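Both complexes shown next keep subunit A, but they swap its partner, so subunit B is in the first and subunit C is in the second.
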Partner chain A sequence: MLKGKILVVGGGIAGLTAADRLGRAGLEVVLVEKSSANGGRVAGLHRYYPRLCPPRCGLEILVNNISGLSNVDMRLQTELTGVQKNSPGIWTVTLRNTKQEADEYQLKVDGIILATGAQLYDASLIKEYGYGSLPAVITSMEFESLFRPDGPTGGRPVHPVTGKPLKRVAFIQCAGSRDKNHLPYCSGYCCAVTLKQIEYLHQSCGDIGTWVFYKDIRTPGSKEEYYRHVREEYRPVFIRGLPSSVEYEGGKLIVRAEDTLSGKKVKGDFDLVVLAAGMVPPVLPVIDGLEKDRYGFFPGHTPCDPTELRRSGIWAAGCAQQPMDVEDSVRSALSAVAQCLVKLHQQPSAYPEVNKKKCDHCGRCAKECPYGACILGPDGYPEVYPGDCRSCGICQGGCPLMCINLPGQGIKKIEDVVDRVLSGGVPQPSVLLFLCSNDAYPAWEKLTGQGGNIEGLEGVVPIPVPCIGSVNMSWINEALIGGLDGVMLAGCHPDQCHHGGGTSLAGTRLQNLRETLGRMRIEPERIYSTGITIDDTERLLGEIRRFGDLLVKMGPSPFK
Partner chain B sequence: MPPKVDLKKCDGCKGENEPLCVSICPGDLLFLNEESVRAVCRSPRDCWDCMSCVKACPQGAIETKLPYQLGYYPAKLIPLMGGKRVSWTCIGQDGKVERFTYKNRN
Partner chain C sequence: MNCNADITDLRETDILDGVTVRAAALCEQCGKCGAVCPALFKKPNPTSLIRLVQLGRVAEALQAPLLWSCIGCEQCNAVCPNKLDAVRVVRSLRRLSASEKDVCFPKYIMDFYLGGLL
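And now, the complex of A and B:
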């Protein structure tokens, strides 16, 4: 049986799904929800697309399941206010009761699933549509409430102000989306939402005219079929062009736009204007080292591992990852659960060991660890939690005293090569070639076969490393002092490094070293670094040859 | 002559309480400027030119100028730390370069 305590933040569809599955897997789960009710945004919806089934059905099943599980602790009106890692593998989270300001307490958990959802974009910021100032300009979320018994019209789809039946309704797509003044991205769900709203508007109001102002209708996958169905069944008027203005005249909303397909100006009067607004990222307490995209979402390591964040033991699910619909939210919650179970279950990978005799607890390893797996313990020495470590070795690359090393890595290997060079066992030009084992080393192996070499360049000694960021500058120094002619580093491209910062960290360290070499009157070109992808075999060969030629031209190492 | 810290290269050992240069200096001359998070020499005249800080700095951010008795500008003495070995590059005022490699006793 698995053991562990997981905090799920957010009681929306993603959070409930995650809590339910984790609970059924036997884990201890704490589910916190800021508001006073579960269900999140989904609880305010009338129907899901494409089957037009009520969201309450699925929600009820989840909530019932969860309340039947004694190991899932559901805490409403509870907010996450802080996340800290004080000991390896364990997160200390601060929770606050939103009813009582002072009621703050801490919990220790093994993992956190961030299912905080997203916020809707504030439509009143789009001045030309008059949201907030004109009557009957509403967002698509508010449109959903017109159909709900607990909504402002008691579930009858009528004019929200006058109570009269609706005759003409306009939908404005991309309200604030794909617009550099508002949200530069596409939220991805709004087109399908408008289609489903057209469907139940026609179904419940019968004789009604619906217009859609759009830029592009984006309905990927099976949603395209749904789009065709709505278009052919209900024949809404599609105008390709976003309105320039929405005005209120004589009890009607006048929408003006240019139809970019015909080039003609279009004007229509409507009872109701629905703005399909996008999503903005959630507001969360600062979690040290957790990377966000430029908009504030947590997209993870796309495309290979979208729920994986660069803090081991934290996963994102639902709209916290990126704007998405219910189907994708559930899917991402399930994948976050899978990741969480794997982490609790897996055998720890190889993790670095600390030589406490040499360590002066400078803390650089803890600062540079991309996963937060290495932290300074109570005695001041770094501690690595095997379950959090992903064996990138970036700590060993940065350690000034070379006292933290992955098993089988370290200066010893380099010293052996240097000894071979000094005893004349390596032909000229002698090059130490570090290869990232994600990309560059497989490319090298393809080039040379197992244990092979490049013809004419037998002096190239390959050394695979887990990440180019794990190469310690002292290794390079040792090689140069020991008389090797040059050092080459083949890592990943900076924005493709699996461990995020490995390549750029190596870049900074190399830059500093090159400057020092320049002052020492040693050609800085004796250190060469390049970005290699797994299929760059020919380019790798070319670059090694070019570097070899350059070294021959420069002559033997000045340390010889 | 006192250590000169390259403010672009020095990263204050990433905000550590006592960076390596501070803890190694036998004269306790270096300290961390809290504001700029860079190492600073508090009393340049008291430096004995032991160059421990230059050897310890993981960023290669510290340089010392040779005392005038040994060589005028542009004379330089620069260490490079390997594992088993440490090398010294001596550049005389006439531009003559000499290199020495020793066993590292650390």
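And now, the complex of A and C:
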């Protein structure tokens, strides 16, 4: 049986799905939900698309399953207020009872799934649509409530103010989304939501007309078929153009727009205007080192591993990842669960060891580790939790005293090359070539065949490294002072680094090193770094040749 | 602001038959039929003609020269990604126009057909 305790934050569809599966896998689960009820936004929906089934069905199954699992502890009105890592592999989380302000306590867990969902964009910020000031301008979420027995109209889809039957309803897409004045991104779910709402309206109101103001209809995959079905079945009128204004005149909402398909300005009067509002990221306590995207979501390392965040042991699920619909939220929760189980199960890969005799507790390794796998323990020395470590070696690259190293890596290798150079065993120009084993090294192997080298440049000594950020500057220093003619680093492009910041860290460190070398009268041009992708073989060859030519022109190392 | 048109839809005018209206409703205005149609005297082409129908502007659609210049080649139907019957829209409008008192038969089309005879 698997062991481990996982905190799931958020009791919406993603959080419930995650808690259910982790619980069934035998883990201890604490599921916290800020509000007084589970279900999140899904609990407020009338129907799901495309099959128009009621959300309560799936929700009830989940909640029943969970209540039958003694290892899942569901805590409502409980909010996450803090996350810290004080010992390797263990998160200390602070939870607060939202009923009693003072009731705060801590738990230790092995992993955290952030399934906090997202918030709806505040539609009143889109001034021209009049939300909040005009009657009967509502959001798509409020539209759902018109169909719910506990909603403002008792479940009858009628005018929310007058109670009269609806005759003409307009939907305005991208309300807040895809707009640099509001949310620059596409919220992804709202096109299909409008189609679904058109379907409810026509099914329950009979004689009704629907209009959609849009700029693109985005219904990827099988949702395109749903879009076609709604067009053919209910014949909503699609006006390609977002309205310039919504006004209230004589009991009607007047919407004006330009139909860019016919090039004509159009004007229509409606009983109800529904804004397909976008989603904004969740509000969360600050978690040290957990990177968000520029909007505040946690999309992970896309596309290769969307579940991977820059803190091992934390996963995002559902709309915390990025705006998405229910289907994608469930899928995202299941992938977070899968990764969580893998992490608890897997054999740890190679991880660095610390030479405590040399370490002076500067803490740089812990600060620069992209996954939070390395932390300073109670004795002040760094400790690496094998299960969290991704063997990137970035800690080893940054240590000023070279006392944290992955197995088989370290200064020893460099010293060997220096010895060979000194004994005349390496032809000129002698170059130490560090290659990232993800991209540049495979490119090199394609170029030279295994163990081969480049004709005319036999003095190039390749050294594969897990990430270019794992190259310690002292190695380069040692090599150049030891008489090598040049050092070349071939890593990934900064925005493509598999470990996030490896390439840019190496860039900063190199800059500092060049300055130091300048003071020692070593030409900074003897160090060259470049970005290489796996299929860049020809360019790699060109870059090496150019660097070799430069070194020949510069003459042998002054230290030789 | 000046508006060229108020928004109605065909449910309100309801003068074309259901099959035609459903076909028009499926059109996404991709423009393929307009691009392929050889009968272009001037706009509206099949794409923009269908747009007029979608917007309920049937009166305008009835003025379209395409109603008479369409040669029935069916290339529009052949390329449509929604497999809709674009010629049917043209034909229904033509029938509707013919059943009205003032058939809108553009002079230059008359000239084209009768040119050789006169």
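Definition applied: the second predicted complex is superposed on the first by the 560 of 560 C-alpha atoms of A that agree within 3 Å, B and C clash if a C-alpha of one lies under 4 Å from a C-alpha of the other, contacts with A are read in each partner's own complex, and residues count from 1 in each chain.
One rule holds in what follows: a residue touches a chain if its C-beta (ideal position, glycine included) is under 8 Å from a C-beta of that chain, and two chains touch if they have at least 3 such contacts.
In this text, all values refer to a predicted model and were calculated from it rather than measured experimentally.
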- Of the two partner chains, subunit B (first) and subunit C (second), which one does A:G268 touch, if any: first, second, both, or neither? second
- Touched subunit A residues, subunit B compared with subunit C: B
- In the superposed arrangement, which partner chain does A:K180 touch: subunit B (first), subunit C (second), both, or neither? neither
- Message: On the A-aligned overlay, A:G209 touches which partner chain: subunit B = first, subunit C = second, or both, or neither?
- Response: second
- Query: Where does A:P400 make contact in the superposed view: on subunit B (first), on subunit C (second), on both, or on neither?
  - Reply: first
- First, second, both or neither for A:R51, with subunit B first and subunit C second: neither
- Query: Should A:D360 be classified as contacting the first partner (subunit B), the second (subunit C), both, or neither?
  - Reply: first
- Task: Tell me which partner A:I481 touches in the superposition: subunit B (first), subunit C (second), both or neither.
- Result: first
- Of subunit A, residues touching subunit B in the complex: 360, 362-364, 367-368, 398, 400, 402, 411, 414-415, 418, 473-475, 477-482, 509, 512-513, 515-517, 519-522, 558-559
- Item | Touch list for subunit B against partner subunit A, complex | 9, 13-16, 19-20, 23, 56-61, 63, 76, 78, 80-87, 89, 91, 97, 99, 101
- Message: Going by the contact rule set out above, which residues of subunit A touch subunit C in the complex?
- Response: 207, 209, 211, 228, 231-232, 235-240, 244-245, 256, 259, 261-262, 264-268
- Can you list the residues on subunit C that touch subunit A in the complex? 1-7, 9-12, 21-22, 25-26, 28-29, 48, 51-52, 54-56, 82
